[in-house]
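Each in structure tokens, the structures are laid out below.
Each of the next two complexes has chain A plus one more chain, namely chain B in the first and chain C in the second.
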Partner chain A sequence: MSEAMPDTAQEPSVGPDAGAKPAPAGSGRTLTGPLRSIRTYLWLAGSVLLLLFPFYLDRFWLQAGLFAMAAAIGAIGINLLTGSTGQLSMGHAFFLAVGAYGYCILAGESSTENGHELSGLGLPTWLAAILAVLLAGAAGGLFSPIAGRLRGAYLGIATLALIFIGQHVLFNAGSLTGGFNGRAVPPLSLFGFTFDDTEVVVAAVPFQASEKLWYVALAALAFSALFARGVLRGRPGRALNAIRDHRIAAGVMGVPVARYRAGVFVLSSMYAGLAGVLLALVFQRTVPEYFGMVLSLEYLAMIVIGGLGSVAGAVVGAAFVTLLPQVLTHYSDSLPLVSAPGTGGLTPGEASRYLYGAAVVAVVLFLPGGLTRLKKPGEKK
Partner chain B sequence: MTTAPAATAPATAPAALAVRDVTVRFAGLTALDAVSFTVEPGSVHAVIGPNGAGKSTTFNVLSGVYRATSGTVHLGSTDLTRLAPHRIAGLGIARTFQNLALPPHATVADSLLLGRHRLTRSGFLASGLRLPSAAREARLHRDRVREIAEFIGLEKELELPAGILPYGKQKLVELGRALCMEPQVLLLDEPIAGMTADERRRVAAVVADVRDSLGISIVLVEHDMGVVMRLADAVTVLDFGRRIAGGTPAEVQNDPAVVQAYLGTQE
Partner chain C sequence: MTTFIELLLGGLSIGSVYALIALGFVVIFKATEVVNFAHASLLLAGGYVTAVLHDDIGFWPALGVGIAGAAVVGSAVEFCVMRRYRGSDHSVLAIVTIGVDIVITTELVRRMGTEVLSLGDPWGDDVVTVGGVTLAETRIAAFVAAALLITVFLLAFRYTSWGVSMRAAAENPQTAALMGIRLGRVSLSAWAVAGALAAVAALFLTVFPTPGLERATSFAALKAFPAAILGGLDSTTGALVGGLVVGVTESLATGYQSDLSFLGRGIGDLAPYLVMVAVLLIRPAGLFGTKELARV
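Right after this comes the complex of A and B.
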């Protein structure tokens, strides 16, 4: 993220004498000025576009977009842990589940559904959303003594356990989770405004749950991304990267390695929790099957495809991995080899899994920096 | 070269680093055998010896990477034998690594800022929310990093990724990162190995300057005897994990045990 430094005037010159003879000031092309303003305009245009989408896109694409935004938040979280700190986690789906179910339990009323006596606290939904994120953080905190001590792939193996524990609890703690059939998600309401399917007409466009939630998700994603960027560019980010790159040197430089590993694990769990809450709101029903191992793997695929260690990488990867099956489903009629679900043959879900499997392999082989780092001059390796 | 920047005054008065009877064993292999020496405050203390003598092990014990099997290490009155590396760093002991330990993609400025870790406070929340306190701290320490970079001659490379710099410059970045910790004691593991003559002179001058103007004690592992003899105030000679000689450079140079360790015995 160094390119945002105000004084990156001269381009890094690679070569044997790069250090001995720094390029004269004139030869360093001052592309950064105009480039930066172009980037600002792109950001502005992108933001306006994102804000206008609910007025123009149909429900299907809004759902897909919401799904992608929620996934992006989760992916930013796991990228902080895996991409920036080098700590593998297979348990991300568990924390997504804690967020999703935590919200349902905290916000839902006690009721009977599908033969299950569901218990719920009936808290205000906005409070439940915040508490669910904190709950996911607390769950991460419970695991953090382990997360602080294990490094890299070893943590990945330990976190596998969370998936199995999570699945067991989700299927069997019927009074909390609703068991196999899951439970309904109470719609979010904020300052008396409810994000549900009751129609509100804004500028002649009927706003339903998707349209309304769009702005919640957008705000949550913007906050999550900016927060993560602040962390990564600041003191904690340098410490995390140091742990990833040279663990022993990080300790010698004064970084308490175990404490930072534990801290970033908690933070990444909270991101997963927030993503879980949003996913629950979008789906309007939580089911245990969804929060399995495949989901954890999908999140890892997102950050590998998008780019390890960067916020933009997580967002791009999340969009790629979540939108691909949706796009394939939508256009399954006109695509060769892909057939609509339930008609036999390759379903869009399967096809997209093959595709992003191939994408992971291609990225690892040809774009080690991920899609967001297609090329960057002056970087070896 | 610019003169040494005025250091933020060390929190404590300079203290001697005392190594007493330190033994390190790895599963039957004795890497260090009852080694003792004292680094006087504000001096350059060289640790020399043939390959495998235990120099790097000594450094790893001093910086907390390895734990001594027995014996103690004290900085002044503080016992740091059993402390974790980051706590030892917190006491103001900084080190460089024989093989570079720099992230290749991070800029030189970021690598140097990592050295400020122990002197800064911003946590996840303050950095994530960009609180004014974090911004102020970052600005303050970036300024100090720039000063230190100028002091060691890296100001032009500050915004370049460390990985593209030539080897000698990367070693300078390591030295700079250690200096950024505002240490009381600086452990330099072969700081000039692999450098050009020009870079060697520069590093030797920086080391002398650091000692003279900042009063930092320096422990130096180096194979270049010329530099050792010129810079060191005291020398400890290790061979097969034992201290075989010690004293001023002149004394050590003429010590028969040292000559024997380096050149072998005459048949």
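Right after this comes the complex of A and C.
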């Protein structure tokens, strides 16, 4: 967008004989042209790299990457809500839980596990995944009488209630959620292809659940990111930003504020639902403890670190916050100050919490645009 | 009936403790318009200092140091972080306090480990029985202390020059600054007061019948959020009423748990949030909060 700006700004001054004075517009184009193609090549190289990862990385990093991609989808969702529309939500973990457990209940068969009678609908898993996302959206819609009316801190703390309601239901509705022990996640299958641990050898590389799911997650992330970009760049995105910047002025200019706010809440819940389904598939078991307040705080940390209101920011922040503990765990032997859990020193989990807690503070104070906007808009990108 | 009175009194007592926490929360919001999600960690810090020191220097000095410590942590957060923010978006600052909370809580939880620390209070598990109604001494002490502190605070808020400058800054920061009120000091003192109140609350959240200071204490402290919100974020009266409502609701829901078994176990912890959601549906600015008026 910003590269195109000088061209359009100069065109009126060029006047009717635009062909006679090609220099200013032309120089602009020769600058942006190669740059743009370099960007395209970078994107292409990045995508090819991402597609090739399952052939080269070991399972630990694939798992880490899967978590990061699932988290990225959730972070894009909360960034639409908190970053672009300015609605503070601390209840994101609740919608992740709705997605994860919704998938388990819809796809799972009725069975007995750890003494719990588990009920399930036994739907085809791909249908269950879609319905789970819609279910999360419906849960967001149910909350919209509150989400559409409250602002700022009031909304933040009201959504805190969702976490506690969610935890209560997860621990108590044993026949649906399996209670404290959670329930097993049925593997996804699509057109007769099942994304589980049975080995399929592709180009001499044994493919198990992580490798197969990698492509599902990649496709889901690409779709989510492009959809969110479309929303943000179009009419709805401008309306959402207007609501964030000045709610009343937005209303005066004809933006249906309450409807947009309820709508973005539903959309963000659906993103969380999709992230929840993916997380469940990666974990292969959902436990209620995971979907607590800490998870919600992590998602807020992600979008602040990456950059509020941008899709790329959400992805970068999600990668930062989810990969940090994994990296620290993996290299805990060779890092100073960090040691393996149980040896008395700083555990990787704690170290990463210090780091991203401090990163949130540091980013807001020193890099108000987040990591993705390290360079000022006026500078060459 | 006896059970009901016992539960009601217990609820009022724990509610007054929530009111203490909520009051600090509201003071910070009034003075700086920042929602302080790090409040639970201030409370944990105060409690931890008291718990560590009480064996060596006795309970009362330890409590004093704990209160001072929490006040120092609070003002350090204001001085090192809040004051450095140059933007104007207060919801971003709210997320910053979440970052601060993550750091402080991680540190304290790491130090505490899985231990349950005692704060060494002099009341122990003694109970008082009056006319068939049994009440723990700690609950009476909590109510008396909270009532005393809240009275002192409200009087100071009304009559001292500190209170006047605080209220002026809340009313209109620009005008207050032009009148010679130093906004930096106002917000620094707000954070210090909030920390001190939270440290006192930490004591009463961890005494009998609760086991002691542990990780879960910060979740108990979180109940001050619904208290502050349902009363109205910018109202000190609201914080008091909200605290009492949350305390009584929680106490009754826990006490009559067996009659409410269809709602599942642990409904007492959830009840305050449900009440808050119900209140917000009817009054989006809380019971005593100022309704939003804006000039466009």
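In this section, the second predicted complex is superposed on the first by the 346 of 381 C-alpha atoms of A that agree within 3 Å, B and C clash if a C-alpha of one lies under 4 Å from a C-alpha of the other, contacts with A are read in each partner's own complex, and residues count from 1 in each chain.
We take it that contacts are C-beta pairs under 8 Å (C-beta built on N, C-alpha and C of every residue); 3 or more make two chains touch, one makes a residue touch a chain.
Predicted, not measured: the structure shown is a model, and the values here were computed from it.
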item	value
Chain B versus chain C as contact partner of A:168, first or second or both or neither	second
Partner chain in contact with A:46 - chain B first, chain C second, else both or neither	neither
First, second, both or neither for A:350, with chain B first and chain C second	second
Contacts of A:254 with chain B and chain C, given as first, second, both or neither	first
Partner chain(s) touched by A:239 [first = chain B, second = chain C, both, neither]	first
Touched partner set for A:124, first chain B, second chain C, both or neither	neither
A:365 touches, of chain B and chain C: first, second, both or neither?	second
Partner chain(s) touched by A:304 [first = chain B, second = chain C, both, neither]	second
Intersection of chain A interface sets (partners chain B, chain C)	248-249, 252
Of chain B, residues touching chain A in the complex	63-65, 84-86, 88-90, 94-95, 97, 101-107, 109-110, 113-118, 120-124, 126-130, 134, 137-138, 156-157, 159-161, 163-166, 168-169, 177, 181
Chain C partner contacts - residues on chain A that touch it in the complex	82, 86, 88, 145-146, 149-154, 156-158, 160-161, 164-165, 168-169, 171-173, 248-249, 252, 293, 297, 300-301, 304, 308, 346, 350, 353-354, 356-361, 364-365, 368
Chain A partner contacts - residues on chain C that touch it in the complex	29, 35, 37, 81, 84-85, 87, 89-96, 98-103, 106-107, 110, 222, 225-226, 228-229, 233, 263-267, 269-270, 273-274, 276-277, 280-281, 284-286, 292, 294, 296
Residues of chain A touching chain B in the complex	2, 5, 7-8, 12, 14, 16, 18-20, 22, 226-228, 230-231, 233-239, 241-242, 245-246, 248-257, 263-264, 267, 378-381
